[in-house]
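Structures incoming, each one as structure tokens.
Next, two complexes with subunit A in common: one pairs it with subunit B, the other with subunit C.
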Partner chain A sequence: MKHLLDTASLDREDAVAILDIAEEMALVSQREIKKLPVLRGRTVVNLFFEDSTRTRLSFEAAAKRLSADVLNFSAKGSSVSKGESLQDTIQTISAMGADALVVRHSGAGTAHRLAHTGWIDVPVVNAGDGTHEHPTQALLDAFTLRRALNGFPASGPVEEGPRGRGLDGAKVAIVGDVLHSRVARSNVHLLARLGADVHLIAPPTLLPWGAETWPVTIHYDLDEALAAEDFQAVMMLRVQHERMHESFFPNAREYARLWGLSAARLAVLPAETFIMHPGPMNRGFEISAAAADSSRALVLDQVENGVSVRMAVLYRLLTGQEETND
Partner chain B sequence: MTDYLIRGADILGRGAGDIAIKDGRIVDPDLLGAGAETIEAAGLVALPGLVDMHTHLREPGKEDAETILTGSRSAAAGGYTCVHAMANTAPVADTAGVVEQVHRLGRSAGYTEVVPIGAVTIGQAGEQLAELGAMARSAARVRMFSDDGICVSDPLLMRRALEYVKTFDGIIAQHAQEPRLTEGAQMNEGTVSAELGLPGWPAVAEESIIARDVLLAEHVGSRLHVCHVSTAGSVDLIRWAKSRGIRVTAEVTPHHLMLTDELVRTFDPVYKVNPPLRTAADVTALREALADGTIDVVGTDHAPHTAEHKCSEWTAAAMGMVGMETALPIVVEAMSDHDFDFGDLARIMSSAPARITGASGHGSLEIGASANIVLIDPNRSHTIVPAEHATKGRNNPFAGLDVATDITDTFFYGHRVLAEGVLSTPHPAGASWTDQ
Partner chain C sequence: MTQRTVLDAPDITRAITRIAHEIIESDKGSDNLVLLGIPRRGVPLATRLADQIAEISGGETQASELVGSLDITMYRDDLRGGSYRAPEPTRIPSAGIDGRTVVLVDDVLFSGRTIRAALDALADLGRPAKVRLAVLVDRGHRDLPIRADHVGKNLPTSSSERVNVSLAEIDGEDAVTISGGRE
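After this line comes the complex of A and B, so read on.
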């Protein structure tokens, strides 16, 4: 595994290995000194062509806990609009000395392109490319689900933990704007590969043409789906208000009424169903405050696990090792 | 000018024979004088010089990507003796002045006949008709009009344009793309775009415009040419329109006959083109349509871009592929499983486009015709290497592909502009070759 560009091409073995390393990384957080020396002297560059404070901070924390030096480069908008080409940007950064690139870009495929053009020869981690993929988000979601569904604390250090396992048989719903969601695409591939039974619930306008070829079950009606299936976890996707101006749905009120996780829908969910959201949440739109703040919500666990999972990814790509030797 | 005797070439694949060229025309070999140069062409196939209805020569305005001279040399290297140059230059070819400039630059280049295509609307803005009559009456004698990559989406404007060009038996070449259905589109809408998360360009955006346009052409009795047909549904619509007697002609590109949207998985912008690469089912339908005559011509949509517009991330890259130097070998490869002989190849790449565009000096190997001829070697396997091509554009999607057919010689109004695969001098008659 040289890069982490997507989950579509990530096999089960590699995915489970990353989740298992992440379990080791989670143990670091209980130490007095929350640092491992494994990447000392290495430089991780966070290259963010699109704003994302949360994801950047998570990668930064992950790299720093592995003792790597971190350089942050943010360039809003496309490289072309800045007058500097992607190639020049990358080669400039390469010349400064980078051992790994973490790339966020508004265009699908940009991380893939950086990994294959020969402009730079270091591991590339896709931190979100357009509406294509966001593989570390899917890995942290899988990590959180694997913990919660196996009866472990959803985050924090766990000595034994669900090591070696997948998500076989887990029934997971992903609800909302699948069309514009890189999180959904990465989760569909990864959760299905780990053995989960993935259901997509969305208005037809917010499902990609051709989604029926994916390894998922598709529902248009949220209430029918919740009544018919015993989901072990329901993952709500962020929906941007602007989509109503593009006629994907009439308005926010109707969307919330038909596809939002309201207090009423929360009440009919089985008591053991977990609630997830990749954040940032639009409270009162795709998710109610009652759902977001309920004891079944794993939203903050997801954030916490994000650091462990990203540590695992950087560790694996930069050391090529399966387990920590510490 | 040198006279030539092309000896022993397989003429249109119908059998070996001799072709004599004297004073720029094809003549009876008995009329050749003693000074004629003999070209031993046994094993080669002679076809009429190719005619491309759809190229982008980029001049005026984007000379860093291509000039009329480099584009003309590229045409000659690909066996083309006549190419039509699209209107999306800077300034746009929407006045007699610009089309005459393109026409004049083509003549002074002297490697192929460059026929400008006029814009339908001023500045390709889709609002007001350009001076179509002035362009038709100019020295460039424009007959084909197109807003190129910008679809004439306003139905009333399209109707008026179709009607107006009847004045001079003109034709409107439409880039069929419903603009609202393709906002932000980056690739074919299908299962691949669903997975890659790239905004899709659905087949219906092409088909709905073709459906509307063939009905408009029927209603007003005008000639419509559909550029670069890319979907199976478009083929069905054109087949239906032709069965109704509607005066529609259709074009397909070599790349749409060969490549599919699966290649976008590489995110290499060399595969980014408009209309986008479609599915294997579309490729199959396009090949069948070319074989059965539903699609009339192959046009390259030769679109050179500078490296900085292609060596970028997918979403920022320009759309387009070069194609004149590889079109014929690619079409041969694409049609190898069909009942498709050299006569068919001559029809779709030479005589049919010559007839549609009124390029009277092209498309025939008959005695008395202008000596626009290409010789090809059907058994000269080689690997496509874009860096060796005459075009400035390196954005050729077939780089590294092995093809069986090679273009060896191009005769342009009797002058051998390509000799044994090597570009030679331009036509010596300067601006006057077509005046014969």
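After this line comes the complex of A and C, so read on.
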């Protein structure tokens, strides 16, 4: 495993191995010295061509806990705004000596391109490419779910956690703007690969072409779906206004009424159903304050687990010699 | 390939019993002891030592409070080369290691690099009063200035030979064998 570009090509064994390493990494956070010497003297470059708070901070914290040096690049205020091309930017960074790239870009396939063009020969981690994939988000969601569904604390250090297990038999709903969501794509592939029964619930205008070929069950009505199925977790997606250049629904109020996780819908859900959201949340829109702040919400656990999972990914990609078959 | 057995199951049991007595004697009791096994085969050895020590000291100390494991994977000096290694669990007894006598337990002492890594790992976990080393087999050929305090058996070997330790908890039987080497 040289790069982490998507979850569609991640096999179950590698995914479970990463989640298990993340369990060990979570234990480091309770120590007095919250640092491991694994990446001492190596440089991880965070390349963010698109806005991000939690993902960039989370990758930075993860790399620093592994003792790596971190260089942060954001396109705003850089030579990219003077018109520098992606190739020149990458080759400049390569010349400064990077040992790994963490890339977020609005163009789908950017991470794949960096991994395969030969502009730079280091492991590449996709931190979100357009509407394509966001594999570390899916891994941290799977980590959080695996903890919660097996009766462990959803975040924090746990000595004998759910190691070695997948998500077999778990019924998970992903609700909302699937069309623009890289989180949804990554989760569909990863959760299904781990054995979960994944359901997509969305208006037809917010489902991508070809969604019927995914390993999912599709519903077009939130209330009907919630009534018909006993979901163990419901993942609400952010409505991505910044990617919407057409009208996908009549107006915000109608979307909130038909597709939002309101207090009334929260009351209908079984008491043990967990609520997830990749953040940032649009409160009162796709998720009500009642749902976001309820005791069943795992939103902050997801953020906390992000650091452990990203430490595990960097550890997996940057230690050991590379197998020649990529 | 030739293979000969150098320690059988009763030999291993006797060695562990003797080391348990040595540890108690050198520490004048077991109140302040922590036994940390280095995965994988150091862990069952540390557990057996802890059981013996708890028995010898007359049930005053619980074996489970004495014993833990210390993974050194993330402290290795060859992490970048070689094949990828998954980390093993590190479990420290609830009382911690600060101010206590830590006995590191491993199956074979060879180059000393594992113990070097273990000392680094220990320093990140706390500040023990003393650190000692107990090994089932010392086969020589050290790369680093490290020695064991308690040795089950000193085994002169040539560096081309392989020392294989099997333990019932992991391999289904207890045995130490030597294989390979020049004919």
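Basically, the second predicted complex is superposed on the first by the 306 of 326 C-alpha atoms of A that agree within 3 Å, B and C clash if a C-alpha of one lies under 4 Å from a C-alpha of the other, contacts with A are read in each partner's own complex, and residues count from 1 in each chain.
Methods note: a contact is a pair of C-beta atoms (placed from the backbone, for glycine too) under 8 Å apart; a residue touches a chain by one contact, two chains touch by 3 or more.
Here the structure is a predicted model, which means the values were calculated and not measured.
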item	value
Partner with the higher number of touched subunit A residues, subunit C or subunit B	B
Partner chain(s) touched by A:24 [first = subunit B, second = subunit C, both, neither]	second
Touched partner set for A:271, first subunit B, second subunit C, both or neither	neither
Partner chain(s) touched by A:208 [first = subunit B, second = subunit C, both, neither]	first
Which superposed partner A:87 touches (first subunit B, second subunit C, both, neither)	first
Touched partner set for A:319, first subunit B, second subunit C, both or neither	second
Which of subunit B and subunit C A:95 touches, first, second, both or neither	neither
Parts of subunit A lying in touch with subunit C, wherever the complex brings them together	1, 17, 20-21, 24, 27, 31-33, 35-38, 159, 315-316, 318-321
Partner subunit A, residues of subunit C touching it in the complex	71, 74-75, 79-87, 89-91, 120, 124-126
Touching residues (chain side subunit B, partner subunit A) in the complex	186, 189-191, 193-200, 202, 266-268, 308, 311-316
Of subunit A, residues touching subunit B in the complex	8, 78-80, 85-87, 105-110, 112-113, 116-117, 129-133, 182, 185, 208-211, 213-214
